Amino acid sequence: MSTSTPPRLPDAGHVKQMAEQLWSHVADADEHAATDLVLRMLDEGTDPESVLLDVIAPVQGRVGEEWAANRISVAQEHAATAINERAVAAVSVHPAARTTVTWGRVTVACVDGEWHALPARLLAEVLKLRGWQVDYLGAQVPTPHLIAHLHSTRADAVALSSSIATRLPTAHAAITACQSVGVPVLVGGAAFGPGGRYATLLGADAWAPDARTAADRLAQGRLPRPETDHQQFDDLPHLGDQEYSMVARNSASLVRTVFTTLEDAFPAMRSYSDLQRERTAEDLAYIVEFLATSLYLDDAELFTWFITWTAQILAARGVPAHSLPPALDLLARELKDFPRAGRMLRAATHTLTTAPSTAARNTA
Amino acid sequence: MWWLVDDTDHQLAREALHMERERTAFLAKASSTLLASLNLGRCMDVTAQMAAESLADAALTVAPARGGRLPVVTCLRGGAPAVSTLTVDPDDVPGLGEALRGFPPVPSRWIDPATAPAWMVPEGFGPVGSIVVTPLPGHGVPAGALIMLRKAEAAAFSDEEEVFTRLFAARAGAAMSAARLYAEQTAITDVLMRELLPPVLHQISGVDFAGRYRPSADHERIGGDFYDVHPAAVEGEASLVSLGDVCGKGLEAAVLTGKIRNTLHALLPLADDHQRMLRLLNSALLSSHHTRFATMVLASAVRRGSTVDLRLTSGGHPSPLIIRADGTVEQADTHGTLIGALPNISATTVEASLAPGESCVLFTDGITEAKGGPMGNVLFGEERLKRALSGCAGMPAEGIVEHVQMLAAQWLGNRPHDDMAVVVIATPRTHHLSAVNGHTRGRYTA
Amino acid sequence: MTTHPHPLRLTTVGIQDSVRIEVQGDVDYDSADLLLEEVTAQLAARPALTDVHLSCAGLGTVDSMGLSALLMVGRRTTVAGVRLHLDDRPAYLDRLLELTGTLDYLTAPVPSGAAEPSVTEERAARPTGPDRPT
């Protein structure tokens, strides 16, 4: 979430107050009050970019925090997001947001599997305000669609958004595919890690922590045309050990095995309702997914962070996290022939058992 | 024997070898860069830029004219390619008209710099020494021409350089014509697709509509699921929603989908009688040659005061689910025969009423039959869908649609799936009646 | 589903005026044609046929193309005046047929060629059909 104050802003306090008001409308699921507020700000002459990034974006950030703290449900998160989307749409059609194209053309898309479209949508609107011709492809864009789009348009760059780290292997495929047709890629979103470390690892041409920085970066000048004969596997030599592909391919059977063994070890699990059992299986599936991603990136820290975060999320929902270490232990036993996976699982267990309640990193 | 070789010749041979290596590397780079893109503009950029870097002081790529306008990319050595569209007659430049026609092939042609039109010489280039126009031969279609300029102080193009230029031109021409053919093909499919893609939904006469569609395969944008919302011809009457699933997949399914949507559109005057509509549609689709069918739900929705009145009819399709304000999820009790395969069909229509914040969810079986979950082999199923919807009471229509599609997508993971379509009809939660009079629609919908 | 865990296998046994086809595996987009071809071939090869039994105990998944093929089988047997029996139906097949309103059509006790006035061109598929002794 960006907290920087743009120079054009007449009254930062007012904007903050408006963000607070918008939050209350969003929390009430009052779509009309939310759009009215945004339109009123624009009518009063507030810079549209500031409405998008200093009012709507912080509210969306807060939606995620409220979910993590179990103060709203996933369904409510979607309701809030839908209202924010409407607010963005209201900004985009307001006369104050009318611009002419003075720069080149940019394609803005979310990685396949990425459902959090709002950050990409905000960037698309900001780029339009700054005079770019923008093709906004939305959430969950399959890489073949993205490439077909690039073949039929003359985009100067692709801006690719992803918020969840587990989409990074897919993001890597998308980045390299765009580059292979000669279009440079700017990436953004929480998935790319603190300081955009995974953006560099996955060979993105540029990274930006937020929409304003992304727009500034694109304004600095053309991103250089990527080398088209680059090979994806050059970037991640550790993938040669096949640990990632084995874990990713067998994730469902790993979850099944660990689930059944856990049930034997924890007789209490047998009294779980179907819903509780499914939640438990889902938690295991996430763990395996994050393990696979950490293997892909060769980053044990990512896995440890996820496990610590999961422990916190479970605690916020009143679920005791004491089943996590045995689950990790069972996974390690299943993956005993996988040295990298074993090291990651042990490191995470160590952190869990020594400092159970501190997360290494913010979720945003 | 090598020691008898004259030292000057030896030096020359080394230089020639070096030059040959550089040229081979240049052609290899040209091939890999040009073949990577199927975009005509990008191919023109690359051609002009590479020519300006290695063969001349400036280069222009010219594509065949469209409607009397000539697309041109100009690039100075060390500069970035610049795009322009010129209203000029290529036949005014000797050799350019023939080169752009492509066939029969013509050789490169020298132009007297004094007769060159102003548009050919990039700004700030200075006095021109020599100009050569080289055709870019394509896949049996005209691909364009390459114009190269050298400064007055530079040497003119040698015969050898000209031969080499033709090798480069052959690669550039092949890339440009492939891009052009691709663009023509996609333009045709795009026109067809536009008709077949589901529409973007919004509020109509005080009723909220939202829909979302995910085709089965990543490479397809259309398939067997469809939905439409037809606003009432007269204000105060019901809008008609149709959502359905055509058997099969790919283009064949898409064609049947198009036929169904067109027929339903033509039957709109009968929209107050769902069963008659379905019977007529059924006989329109019946064919002696196949038993391809569709299953579908028709929903008529009209705002009355603060509620929305619904009539729902299923033609062999999973029944719609209604989310009440307290989170109860009801299944609409409508059943019927699939459409298009049997001579006689029957269907029942049910009525329902949606209070503010309540909604009705229409979906295709791609959602309920999504196979996956944490264990990898479980159907998403109607019960799981109902459970998810019970948490959606009071949500905006778009939010519910997004939520359902996201849950199904997460359930699937990376596994293959069928088409998935969801439409939500909802009564707006707030009594914001200005939304009903129609004046504000433009502001609230993008 | 594009994965193919249960490829379709058909085993046909003919006894006098009745034929029994054991259907094992998925009847879907990729395989539905095979079932239709087999039934059509049997109808053409055995003019005196009175009953076609599809034994469904080993049936895998049936997708919309599979259902479409079953409906075509139903149409062709009806036109030929042959009784179609879907034996040992798994519960989910019944659910699918009920949902789509096709259960009665596919499991009707007595065939009646007259019920299909709009598809009579189908007779060509089996020229001897209408004249067969009952």
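Here the chain labels run A, B and C in written order, and each chain numbers its own residues starting at 1.
The criterion applied here is as follows: contacts are C-beta pairs under 8 Å (C-beta built on N, C-alpha and C of every residue); 3 or more make two chains touch, one makes a residue touch a chain.
Protein identities per chain, from UniProt: A = Cobalamin-dependent protein; C = STAS domain-containing protein.
Everything quoted here is computed from the prediction, not taken from an experiment.
Trainee: Compare the CA centroid of subunit B with every other chain's and tell me the farthest one.
Mentor: C
Trainee: Determine the chain that sits nearest the middle of the structure, using the mean of its CA atoms as its centre.
Mentor: Centre-most chain by C-alpha means: B.
Trainee: If you average the CA atoms of subunit A (Cobalamin-dependent protein) and of subunit B, how far apart do the two points sit, in angstrom?
Mentor: 25
Trainee: Please work out the Cα centroid separation of subunit A (Cobalamin-dependent protein) and subunit C, and write it as a whole number of Å.
Mentor: Measuring from centre to centre gives 50 Å for this pair.
Trainee: Just give me the whole-number Å value for how far the CA centre of subunit B lies from that of subunit C.
Mentor: Averaging C-alpha atoms per chain gives centres 40 Å apart.
Trainee: Under the touch definition given earlier, write down the residues of subunit B that touch subunit A (Cobalamin-dependent protein) in their complex.
Mentor: On the subunit B side, the touching residues are 32-33, 36-39, 41-42, 46, 80, 179, 182-183, 186, 190, 214, 218-219, 221, 373-377, 387-388, 391-392, 394-396, 398-400, 402-403, 406, 409, 414, 428-430, 432, 435, 442-446.
Trainee: What residues of subunit B sit close enough to touch subunit C in their complex?
Mentor: 224, 245-249, 283, 286, 288, 290-293, 295, 315-318, 335-338, 341-347, 371, 416-418
Trainee: Which positions of subunit A (Cobalamin-dependent protein) touch subunit B when the two form their complex?
Mentor: Residues in contact with subunit B: 29-33, 35, 39, 73-76, 78-83, 85-86, 89-90, 92-93, 112-113, 115, 140, 142-145, 148, 150-154, 180-183, 222, 228-229, 251-253, 255-256, 259, 275, 278, 281-282, 284-285.
Trainee: Hey, which residues of subunit C end up touching subunit B in the complex?
Mentor: Listed in rising order, the residues of subunit C that touch subunit B are 1-3, 29, 63-65, 67-69, 71-72, 75, 99-102, 105, 115-122.
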